[in-house]
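What follows is a pair of complexes built around subunit A, which joins subunit B in one and subunit C in the other.
Coming up: the complex of A and B.
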């Protein structure tokens, strides 16, 4: 079982970037289609719908951040990568909130963005309110990011 | 087709919905002094091609604009066939009558059905229904025999109207789309009520009701046939026990009021599609909303053309989608 610790830790880092990234790609793609539909008939709404399209993209960035922090902490980006299986599993578990919540929050945020893009297409003066609805979903992605960061930072000094 | 594939199309529809006529525009049209003033307002709203066309040309151009917009968005238009089957069966009726009287009547066919009107006419003329879609073959043969042997034009119409309703219901169910299924259900309910009331008023026999009324979920055919045989009051009593109890007031008021109730029922049921962002349903709802809008403008223009009082036109106007 020796050497498996780093495998699990690395798998956690990769999944955080991969799964949250997939969620964001799907979300930004969906919102982009709707944004293109609105801009086809009214190009003046480009800047408004672009912001709404980008909102589901943040989860991918958070996933990348978690992956980067994990890689730094486990010694893959320099230093020693020796670690116990228990510690590797802990890193893996620490990355999961960002991976799972990142994916689902990106997809759900995209659906909220679609609805807000529809709102902006009909009532452009309500853009501020329209942005709040998908932005609310962001809260849960940030909570997942926070818990993943705290967990990763907390695991490093553990002597196991 | 995945629901997500309609995201772009739905966003385009949302933008187009801004151009739909709302109540305030209808009020504006109603308050116009002349028919020409109405045409001018419609022209300002982008209706027609601004080439001084007649009202009928403007309305037909608007219908074409709707369908060409939808064609631009959807590659497989068969999803909207549910709205077009009635045109096919209308053309079949017209073709059978035309062949029966052995005389070509101009402008009796409707374009843009699922089957080319000429193909339907050829099928009837050559008595070869195999070139028609499967769902039309049996009713076409039955209606043809009734018309040619007995000369019974009314029975021919009843057979084909019923076949149209059955086709709409069957195809909507096969599409598994909630809006199309709801449309089919409401279309059958309104057609059944129409046939029941007319049949009851003219003292039709049970065979007529059995043949004319189609099966649906929210009205019992058995109960409706029984009530229709007893008379109009019995139909009202039966309707009071169903979800369509508000139809009774409309029916008591006038038949045009009932027709208005039928159209409003469909428009009000499709209104939630204004908040749907992904499926094909908002596109279907937009088509129905445009058809409703065109019908309302036609009523309004013909009222203005015939100098009907404003209130008389107002009570015929349909609810708008937006």
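Coming up: the complex of A and C.
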């Protein structure tokens, strides 16, 4: 059982990058289709819809961030990888907020982005407001990121 | 730092000066024209619909011509030329253009016409192509396709479905005494035939053929197919020559492109002028212009108008009920944020211009989110050099955006130095990989990656400051509106509640331990905090429902207002994004540097190292600058503006030169 700790810790890190990454890929893809549609009509709106398309992309980056911090903390990237099962499970749990919230917030944010893209296509001068709607969703990804970071940082000094 | 004071203007002038006066006002571009005087027995509005529709057509044609020229005769433009904005020309050039107008208008029409002819030629080519294709199976036939027979014979030229052998055909036609069948060509799908029989057998032969599914060729002609093919080739050549000639002519005409652009602008200008003209009330000899203009432009305009025209001008202060347009004016440092304010909403009635406060926080928060010294320098250098090169002529909106990112870049550099981030940990990575000894630049303050809790506390502290500033803005606004009760009830009580709660919380050990704070306040301070918070809370419950008469309803509304404290809580938590985005930049930098250092083997390792570093950091700066931009804007719009700013003002839209390619200078 001793060796399983690192397995769980790594699984957590991988899931954070994997699941949040899938969410962002789906989201950016959806928004990209809509953005391409707008550009067909009016190529001058390219830069505006590009920004809206990219908004759901951040969850994938946050997932990568959590995965990377975990990897450095558990010693996969250099260092020793001795770890108790409890500690491994703690890391696994710490990665979950980013994985799960990352996925769902990316998809939901993409839907808000879609709506904002159609808003910008009709009223380009309302870009500032259009950008805020998807950004509101991102708050929850950020909160999840925060908890994941704090948890991972907090686990390392624990003596179990 | 203010919303400009507007004045109403009424100009009464002689009709003979109409053209010059309107053109002058248009070039000046300081007056928004509103016409409230309705038509009566004396004043009539002029019908300008014919002129307007002509100009609209001219403008549309010019746009079309430029589009055609861009497509058919593309010209090379330097990559950043678009940043330069419109060229500036003198007023004389504009006046002289009136003479060239007809010529250019003809050029424009010719270009549109050529485009049409080119399209026709293309479709002609396609038609010839199809015909040639249809002739291919018949190329072996040496008589015309519409040959019907001689006096005593009847000829059938056409196609049978499926592949037929001649013997089978002769067998089918065995009843006829004399018959000639030629198979011109065939494939699996069809057989092309020439059948010649005597008139007597004709009906029967045709019957047989029809039963077999005979059809006439889809192409007809009174020449043998070979000759028809020759003809088609000749036609193709002619059409190609036409196309070439037309394209050459287009190339020749494209030399007039600049003039055509000017023509488009000329039409746009005149179009707007005529639209204004159509809205002006005019009597037999005079006409009247009413509108708004910023107070600061009044004297200058008055002077130059009185100098050149026989005219009467009146200024008056707009009344409170009027929907006065809003124009902002700020100093150079905060002015770049005007666009951000405008895209939220301009200040409504009685609201102050939030640009200055917003700008300071904007630069500060943006820098904190991106927080890398080198990224900041890249932004400063890019925006700075563009501003240096094109700053004078650049369009206003773009100019402001560039300046905004310039200042944001400075702030980013500052925070990068504070947090010791130079392309992340590039100095450490590089020195460890290539110099064999790890060198690092210590942060001036601390490493957020190593002490996230400290950074989180700092972020939330900034959030509290930002929100309290928002409340202070509300206080100031209430003061301006002389709503002194509002100051106490809506602002002071909230101050009490917020500051009091924070002080009281500082006395709770669990709270300070969680945040890793080492400051311990004396007991007296925390209890005063508690009392302050209680006073604030009671005050809010008692007063915030004051617009209701019913005391019970009033109390409930007050309670609901107190519930707004949760809003403050979530607002403050929202500033944790400062930490999250700062970490995102830092950690991705580390990932990139780590990947680069993995390739740093041997003396040549520097090449892949540099490639990965340059490519990776370019990507990172793009993604994180976007993130910082979006989230800084959000903090301003949602958290900050939520405390005091509603907007709803109407933007000042002066009658001016709204051209696409040229600016016309008033001298």
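Everything below uses one rule, namely that the second predicted complex is superposed on the first by the 160 of 160 C-alpha atoms of A that agree within 3 Å, B and C clash if a C-alpha of one lies under 4 Å from a C-alpha of the other, contacts with A are read in each partner's own complex, and residues count from 1 in each chain.
One rule holds for everything that comes next: a contact is a pair of C-beta atoms (placed from the backbone, for glycine too) under 8 Å apart; a residue touches a chain by one contact, two chains touch by 3 or more.
Remember, predicted model here, so these are calculated numbers, not experimental data.
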{"item": "Broader residue contact with subunit A after superposition on the shared chain, subunit B or subunit C", "value": "C"}
{"item": "Subunit A residues within the subunit B interface of the complex", "value": "30, 33-38, 40-42, 111, 114-115, 117-118, 121-122"}
{"item": "Residues on subunit C engaged by subunit A in the complex (per definition of touch)", "value": "340, 343-344, 452-453, 456, 573-574, 576-577, 579-581, 583-584, 587-588, 590-591, 594, 623, 626-627, 630-631, 633-634, 637-638"}
{"item": "Footprint of subunit C on subunit A - complex, ascending", "value": "51, 54-55, 57-58, 61-62, 64-65, 68-69, 77, 125-129, 131-132, 135-136, 138-139, 142-143, 145-146, 149-150, 153"}
{"item": "Residue ranges of subunit B in contact with subunit A within the complex", "value": "4, 7-12, 14-18, 275, 277-278"}
